[in-house]
Every structure is written in C-alpha cells, then in structure tokens.
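One chain, subunit A, appears in both complexes that follow, with subunit B as partner in the first and subunit C in the second.
Coming up: the complex of A and B.
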C-alpha cells in the first residue's frame, strides 16, 4: 500500500522542505534556549550579558516564528492535499511561497545573528516583539515582511486548491482538515493586517530614515493586534493533529466532526479582537477598551475547553476499542509505547496546566501581579513551548515516514524524547511560574540586583534557579534526541508501508450538522466586524494622542549605543 | 446536530466559568475599587521632559494631608528618582505614581506587589497605592530596554512619618 510520498511526490517534497527549515530552527533555537537557561540562573555564563539579548532574540524568533510556522506550512500542505485527495493546482506557485518565506527567514536570522559581531554594524537585538522606538537594522523588518507575504501566498495556494475541488464537488461538505486549514488562514489574513501595517507603513520607512519618528504606543498596539492571534496560528496545527490524528493513534475515531468545526469557527471569530489584553498595563488605552478585550479573551476559553472534552472523549473511545474498561482503568489500554501518541497526550495535559495560568494572565486585575515577570514565559512554555512544540515533534514521528517512505529509526528513542520534554518542562515551567510570583522579571540576563533580594513564599530562589537550569538542560537533550532520530530516519531503506496512514471517519460526521458552519464568508464578515468594534476607538485615540508617526525618534540597538548609555549612567 | 449529553453539561459549565471570571473582574473594578492603568495620565512631549512642570524635576510632591504624588522618569538604564536616590514616601499615606519614559519602552515594577506599569514615551501612567508598612521595596524595569536592561533597578523606601523629609527626592 502506497503512502503520501507515492501518491503526491511533488507535494511531499514541499512538505519536507518546510519541515527541514522548521527542524533546523528548532535545533538552533533550542541550543540558544539552553544557553539562556544556564546564563540567567548563573550556572554557566559563556559570554557577556549584552549578548544575552542577541541570543534571546534569536531564540524567540527561531522557535516562536520560524519553527512553528514552517511546521504549519508543511502540515497544512499535507492536510490540504490528502483531505482534498488531489495535488496542488500550481506547484510553481507552491515553490514560490516556500522560497519567499525561506528567503525572508534567512534575512531576518542574518540581521539578528550579525549582532554577535559588532564590526559588521548590523544588529537586531529587539526581541521578537520588536517594540519601537528600539530600532533594528532594515534587513530585520524586510525579512519579516517577506516571510509574512510568503505565508499569505501559501494561504492563497490552499484556497485555489479548495476552489478547484469545489468545482468538481459542488454539494459536498468541506473535508474537515481542509476546513481547519481554511478557517485558520482566514484568521491569519485578518491578524497579519496589524503587523503588515506596523512593519511596512511605520517601521521599515523609519529604519531606512525616510520617516524620523514613531508613535510607540501605536506600533505596540498594532503588534499585539497580530501578536495574540499569532499564538492561535501556532496552536491550530496542534489542534488539527489532536482532532484528526490523535484519535486514530489512540485506536479510535474523532468524537464529533461538527463540534470540531464550531471550535475552529470560534477561533476565527475571537482570536484577533483580544490583543489589547497584552496591554492591560499600558497607559493611553482606556479601561473600557481593555475590558472589551478581556471579555473576548475569556470567551476564547470556550473553544479550548470544548477541545479538552473532545480530545479526552476520543481517547477514551480509542481505549475502549482496544479493550480498555472501568472508569479510569481504560487509560492503561492506550498505546503508551507509541511516541506519537504519548507525546501528543502529554502535550494536551500540559496545555490544560497552561490554560489555568493563562486564565490568571487574562484576569485584568490579577494580571498586575505577574505582568512581565518570569511567570509569563513560564506560561507560554506550556502552551507554545509544549502544547504546540511537543505535539509537532510527536506528530512528526507519524507524519515524516509518509513523506520519506522510510520507517522511523527508533520508537524507543522517540518515546524517551517526548517523556524527557515533559519532565524537563515540568521543572522549568513550574519554577518560572513561582519565580514570577516572587517578582523576578522576564527578558533579563541577570535577575539579581544590588538594592534588594527576591523573597519566595516557599522554597528559595536558588532552588528555583536550579530547577530552571536542570529543566532547560533536559529540554535541550530532548531536542538533540529528536534531531538525531529524524536524521537517522532519513537514511533508512525505503519500504512499502512505513506507517499506517489511514484516518478513520468521525463517530458523528459532518452530515448532520447545519450547513451554515461551512459558510466561510459569513464567519469572516463577523470576525471583521468584531475586530472593527474592538480596535477602531482605541486606535483612534492613540493616533489622536501623538499623531500617526508620533514624536519619538528611534533608539538603535547597537553595542556602540550601549557604551554611550552606560557612560551616561556612570556620569 | 447531535451533541452528547455530557458535552452539553461540559459546555454549560464552561460558559458558567467564563461568565464567572468576567463577573469577578467587573466586581473588582466597580465594587471593590481595584484601580487599573487607564488613559487618564494624559500625554507629554518625550523630547521636552525637562520643561515639564513636574517631570522636569521628578520626585515626591505632597498634594494633601497624607497624600503624595511621585513623578518618575524611566530612561536607559535608570529610574529618576529611584536608582541614584531612593523614592521615599511616608507610611500610612496615599501615593499616586506618575511614570513616563524619556527614550524606549520600560517597565516599572515594585517587586512582589501589583504596583506594576509600562512606561511608554509620550504617555503617562498613573496608579495609586496605599503604604501600610515601613519597609524597603525593590523596583525593576521589567521590559527589555537595551543592552544593560538587567542593571536597571531602584528602591522605594516607606519610612515612618517622623523620618519623612519632604525635601528629599526632589520636592
């Protein structure tokens, strides 16, 4: 029996090209993560704390943007092709967006990494949120713009494939995986308007010197217009795998197809009009606007809570198909030796924990206690750092063999890898949350100060630092094992059936559900209205405060600037 | 569309949780009077802070009996006042902080408390706290602001009434 690579060889090459970029970024980004964990905790300081911020920028950009989104590009290409059961309409267009996104990534990565060599004069130590008036080299912004245009073209490619399919299948329901890809991309088009305007209209001309000043609150608000929905752009590939692949790996079938559609529609509607919840502590935005963003945010809990139900129900169904019995004893009947299953299940478990700390973040008043403390990266290492990243790695154990026609090199190594990630993250994330409660800030090279000491309600700061260092080391070892397993799998001999790639139909199919669920125009229109309602007044008042282009000159993030500033402080 | 009975129950519980969360925050703001950062601090010209009546000479200003205003300028890589000289306020008083930035975006966090705000050039953050205990608090910048970000710190001293000298700290 043939697998994906035999049926769609060109598309398999595209997916492989995307995943290769993703995995290389994962390896480099994880190494930088290890360096940071050891540096901040004072265990090993390989270089000066000035370079810490270059490492941190690279870690954030390579993992949060490049690894996750290139994996998405690959996974969605696979999902569209297999669920529409036809090749992509124009493979040259496909390769064009792959090339554009890759070129953008190289440009941005080069601008960041050049920060290690001051003599080059190129630097982008602005972190992945790149808040103006901190200024990066134009190459950083230009690369970012190319990368985003690449993702837009990818979406266009998938919509064209869907249109071709629709011509031949006028009355059919949209296949579930295609539905997930299309709704996610509609959300992405809406969300990226914010960052596109921020980069193309304001930051790029300003970094070239065409425009002198910026309005920092405006660019920051445009960033978060994009910066929150981007987390769902990372999460939706994981959801796609939890809904359509995990039930099969568990030995069963998806519980409900219509509810999966409802969940994706809710994400399309609610992902974007929430970005201001990252700005609860910003001056210049009225409390009422923040309250609207919070209300939308809280309702975003709904699709994730529904997903928790469906995922657990599908796993229980699978376990019972495999002979599992009892109220909880069925858990023992699940295929825990399969790294793809175990990794996704552990990722789901951690996502529940991340959901709880996210509820604290979302609470507009208690957020003050943890805003910009280490609690926040503690939170998102559970969500994007585990729910997304671990699901992607686990999913690769099942997906990659379909792309190469070769078996996975080692299942036991895969199993050790996903468990190691889980254990490492328990240590690191737990300690980060607790350190955040003690007030330890995020994004800093040396969280030890001259004028005061942090106090913890239980345990000690030293114990927390040890946990972060040990956790970070385990996570890095886990990525090394993953990379080794992927490389070793690439040189296995090709086989006829490298993996069982059939996906069974859901228990309740789409047929019984209202057709309006598939009305993408309607949902897009409502999503646009919600964004207009949430953002028009805040943006208008921010522009009224300081003008479109503001009155704040740029502050380049260069070493020279640092020396001058330090001299200023000492004088 | 067929929805399983358990799933309906779960859906109902989820909605209840969400409405409950929104309710507690709304109650906190309206009923319990939890103050949050708003837009009422107004704007300043970040290039001309030295000509501002208060930010031009930042520090502690008395505004009434047991009421004080503290003006703080955050800039790479210090708080003024806070870093070179501590911010000193008397115990059992109501203190309103006014924080702005002279260059990039900074954070102003009184460590281990919910006195926490962003400092954005051109904008003024205001928030009010009650000082109920004589002790020193650390201040950190919690937003990355450049290569010596980790060195940006300061102190708030809450002192007994008789030790408080209104001429310290710039007023």
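Coming up: the complex of A and C.
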C-alpha cells in the first residue's frame, strides 16, 4: 500500500519544504514565548525590558504568521493533490511560490531579530499587529509583501489544479478537501486586500520616507480588515483536519459532507466584514459601524457551533463503531492512545473554551471589561495557540509519515507532547484570563506599578503569575518534545506503510446536497457585497476626518478628544 | 477524493498469511483506529445522542458563564472609565 510520497514525490517534497519552515518557526517562536512568560511574571528576566517588544514581535510573527501559514501551505498542497488525485499542474510554479514565501519570511525575520543588535540600525518592533504609528524598517514590510504574494501564487496554483481537474470531470462535485482549500483561499484573497493596501500604499512609502505622515486610524482599520479573517486562515486548516481526518482517526466517518461545505461557505461570507470588532475602543469610528461588525461577528458563532456538532458527532460515530455505548461512556471507546487523535480532540475541547471568551470579546459593551488586558492573549492562546497549533502538531504525527515514508519515531512521546500542551495551556490561558479580569495589561514587559496592587476576586496575583510561568514552561517543553520526535522520525528507516492513511467516505455524501453549494462565484460575489456594505462608510468617514495620509497632529489628540466626548456623554 | 471503507486489520504484521501484508512498522500505527471497529454503523443506524448530551452541557456552561461575566464581573463593577 503506497502512501503519499510514493504517489506524488514532487508534491511531497513541496509539503516537506513548507512544514520544515513551519516547524523551525515553531521552535524559535516557542522559545521567545517562554522567555516572555518568565519575564513578565518576574520569575527570570534574562534580557532588558527594552528588548521586550523585539521578543514579543518575533513570538507573534513567527508563530501566528509563519508557523500557521507555512503549515497551511503544506497541508493544502497535500489536500489538493490527494483529493484531486493528480499532481500539481506546474511544479515550477509551485516551487516559485514556496521560494518567494520563504524569502519573504527570511527578510521579515531578519528585520525583527536585528532589533537585538542596535548597531545594525535595523528594527521592526511593531508586534504582529503592525499598524501605524509604530514604524518598522522597510525590510520588514517588503518581506511581508513577498510572503503574502507567495500565498496568493499558492492559491493560484491550487485553482489551476482544480481547473485541470474540472476539464476532466465536468459534472462531478468538487472533492471536499479541494472545496475547503478553494473557499479558504477566496476568503484570503478578499481579506488580504486590506493588508496589501496598508503595506504597499501607506506603510512601505512611510517607512522609506517617501511620505511624511500616515493616518493611523486608517492603517489600523486596514490592518483589522485583514487581521480578523487571518484568524480563520489559521483556523481553516485545523477545520480541514477536524472534518476530513479526525473522524477517521476516531474510527468513524464524517457525519455530513454538505454541513462541512455550508460551514466553509459561511466563513467565506462572514470572516471579513467583522474586523471593526477589534476596534471597539477606537475613536473615529461611529458606534453604528461597530454595531454592524458586532452583529456580523455573532453570526460567525453559527459555523463554529455547526462544526462542534458535526465534528463531535463524527467522533461519536467512530466510538460507537468501536463498541462505545451510553450517553457519555462512548468517550472511553475513542482511540486515546493515538497522539494524532488525542491532540486534535483536546484542541477541539480548548476551542470550545475559546468560544466562550470570544463571545465576551465580541460584545460591544462587555468588551470594555477586558479590552487590552491579558484576557485577550489568554483567548487567542486557546484559539490559534491551541485549537490551531495543537491540531497542526497532532496532525503532523499522521501527515509527516505520509511525506517521508518513515514511521513516527515515538507514539508515547507524541502522546505525552499533546497532553503536555493541553495541561500547560490550561494553566497559562486560564491564569491569563483571570489576570485580565484583574486588569493586568497585555503587551507589557513589567506589569507592576508603584503604590498600586492588582486585586483578584479569587486567589492572588502571585498565584496567577506562577501559573503563567509554569504553563509557559510546560508549553515550551512540549514543543521541544515535538521537535525531537519530528527530527528522530526523519531518520527512521523507510517502510511501505508507515501510517494508516485511508480516509473513509462521509456518512452523508455531497451527492444529495444542493449544487449551489459548489457555486464559488456566487459565494464570492456575496462576500464582496458584505465587505462593501461593512467597510465603505467607515473607511470613507476615516479618510474624510483625517485625510488619506493623515492631517492630524498626532494620535494622543484623538485619545484626548475621545475622553472628552466620552465624559460629555456620561455627564 | 479517494475513499475506502474496508476495516481489515493491518495493525500487526503476519508474515505467513496467504496474501502478504504490506510492510508496516511494529507497534501502534498512527491512524489505525478503524482496525478496532466492531460494527459498521450506517447513517440511519447512528443516533448521535452522546453529541446532543455534550453540546447541551456546553450550552449550559456558556449561559451560566456569560451571565456571571455580564452581571457580576461587568455590571457589578460600575463605571470605571472616568472617575
């Protein structure tokens, strides 16, 4: 029984090249995460707090952008190739986008890491949320631009593969994994318009000194135009694995193919017109526009809840096929000693918890309670930090053997690794949420102040800091175990069947579902209309207020006006 | 998408069988949960009552926590933006 590397050796090399970048970034980014967790809790301060933002930027960019998106590039290449059952149409194009994205990543990472050596004169301590007024070296923006163009070309490559397949299969339904890749990429093309305009029109010329000023609110809004849908760009690979791989890992079959399609269509429609919910406290955007963004955001709960049902039902199907009984006893019949299964299941459980804190973030009024506190990083360490990252690591235990033809070095180490990640995140994320409620700020090297003590409803700040430090350490150990297991797996002897890579057909297939689900033009058109409705007036208002390139003296003035107007409203 | 549903056991190598098994590593093979399938359940035979139980429990947790967050943590603190 041949596996992926035997059928598609060129494509397997491409996937391996992408995953290698992802895993190297994971290792470096996780180290910076550990350094940060120990620094801001005051346990060990290895470096000057002046360098905190260099560490934070490297952690955010390497993990949230490079690790996740390179994993996506590899996974989607694998998914397109195997689900269309044909090699990619032009492997030179494929290697071209791999090279472009890798070169962009090196440039961006170099610009960030150069911040540790002031003599070089290059720095990019602008965090993952790289909007004005923070300015980076042009190398940072140029690298990002190359990286994003690389992802665009990757999408083009996959659409070309789909077009070739369509020529030979004019009446077939789009294979599910291909459908997921294509809808995700359509969402990505729409979403990256915001960041492309932000970087190319404003930040890059500003960074080169071609223009003197920018309109900070405009660049923030353009960033969040991209900044929210990018979280779904991270999440959709995890969803692809939860829908098409996890049911098999559980010993069952996907409950419903059409429901999976509906979910991906909903993400295409709703991911982008919601970015303003990151700007609830931004002055200069009318409350009404924020309310529209909140409404769209609440609609996004729908596909996530559909996913909770479909994925859990698919797991239950596996458990019952394996002899599980009862209302909850079937959980014991799941294959918990399989690290790929256990990691993904624990990631899904964490995502459910992240759904709760996300609901708090999304509410326009209750958001004020936690805005810019440690609650917010607590939230996204559940979502991107676990639902996505842990699913990707767990999925690797099943995926990588297909790419190398070599078996996983150690299943028990893999199992320990995913459980350790889960436990570490329970400590760290829970403590971050609670610290946020106590008012502890995010993005702060030394969150301690003279003559002021944070007070918690339960426990103490010291206890929360200890949990964050211990949790961060466990997470780092987990990444070390993962990296070791992957490296050791690479030198195993090749075997013919290193992994069970069969994927069973869904219980309810696509054949009976409405064909309109596969009408990608229609869904793209509706997505564009929704974005136009959500963004035209806010953007016009922002430009009208302060000009395209800014004509206000500075950001503090805006905050001053905001406080004055707020005081007026309250009085 | 290529699919197959056979549940034949591939977990252990048995070199003396009539049809030779493909070379496969010893021990637990990642993704081999289908080997443990005892019965095939079709769409109509499968009643996801366990999923209903879990989703309902999740929903109750969500409601209780949201009520706590809104009424105790948020409204319970009063105005603190301008003091």
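The criterion applied here is as follows: the second predicted complex is superposed on the first by the 550 of 571 C-alpha atoms of A that agree within 3 Å, B and C clash if a C-alpha of one lies under 4 Å from a C-alpha of the other, contacts with A are read in each partner's own complex, and residues count from 1 in each chain.
The rule we apply is simple: a residue touches a chain if its C-beta (ideal position, glycine included) is under 8 Å from a C-beta of that chain, and two chains touch if they have at least 3 such contacts.
Not measured: the values here are computed from a predicted model.
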item	value
Partner chain in contact with A:444 - subunit B first, subunit C second, else both or neither	first
Partner chain(s) touched by A:475 [first = subunit B, second = subunit C, both, neither]	neither
Partner chain(s) touched by A:309 [first = subunit B, second = subunit C, both, neither]	both
First, second, both or neither for A:280, with subunit B first and subunit C second	first
Which of subunit B and subunit C A:508 touches, first, second, both or neither	both
Which of subunit B and subunit C A:365 touches, first, second, both or neither	both
Partner chain in contact with A:298 - subunit B first, subunit C second, else both or neither	first
Which of subunit B and subunit C A:134 touches, first, second, both or neither	first
Contacts of A:337 with subunit B and subunit C, given as first, second, both or neither	second
Where subunit A meets both subunit C and subunit B, residue numbers	255, 309, 313, 359, 363, 365-366, 368-369, 508, 566
Contacting residues of subunit B [partner subunit A, same complex]	1-4, 6-7, 10-11, 14-15, 17-18, 21-22, 24-26, 28-29, 34, 36-39, 41, 43, 45-47, 76-78, 103-105, 107, 109, 111-118, 120-126, 136-138, 140-151, 153-155
Parts of subunit A lying in touch with subunit B, wherever the complex brings them together	49-50, 52-53, 56, 125, 127, 131, 133-134, 215-217, 220, 255-256, 258-259, 279-287, 290-291, 294-295, 298-299, 301-302, 305-306, 309-310, 313, 359, 362-366, 368-369, 371-373, 438-439, 441-447, 449-455, 508, 512-514, 541, 545-546, 550-553, 555, 557, 559, 561-562, 565-566, 568-569
Subunit A partner contacts - residues on subunit C that touch it in the complex	1-6, 10, 22-25, 27-43, 46, 48-51, 53-55, 58, 61-62, 65-66, 69-70, 73-74, 77, 79, 81-82
Contact set on subunit A toward subunit C in their complex	1, 82-83, 85, 175-178, 244, 248-251, 253, 255, 308-309, 312-313, 316-324, 326-328, 330-331, 335, 337-341, 352, 355-356, 359-360, 363, 365-366, 368-369, 397-398, 401, 407-408, 411, 414, 437, 495-505, 507-508, 563, 566-567, 570
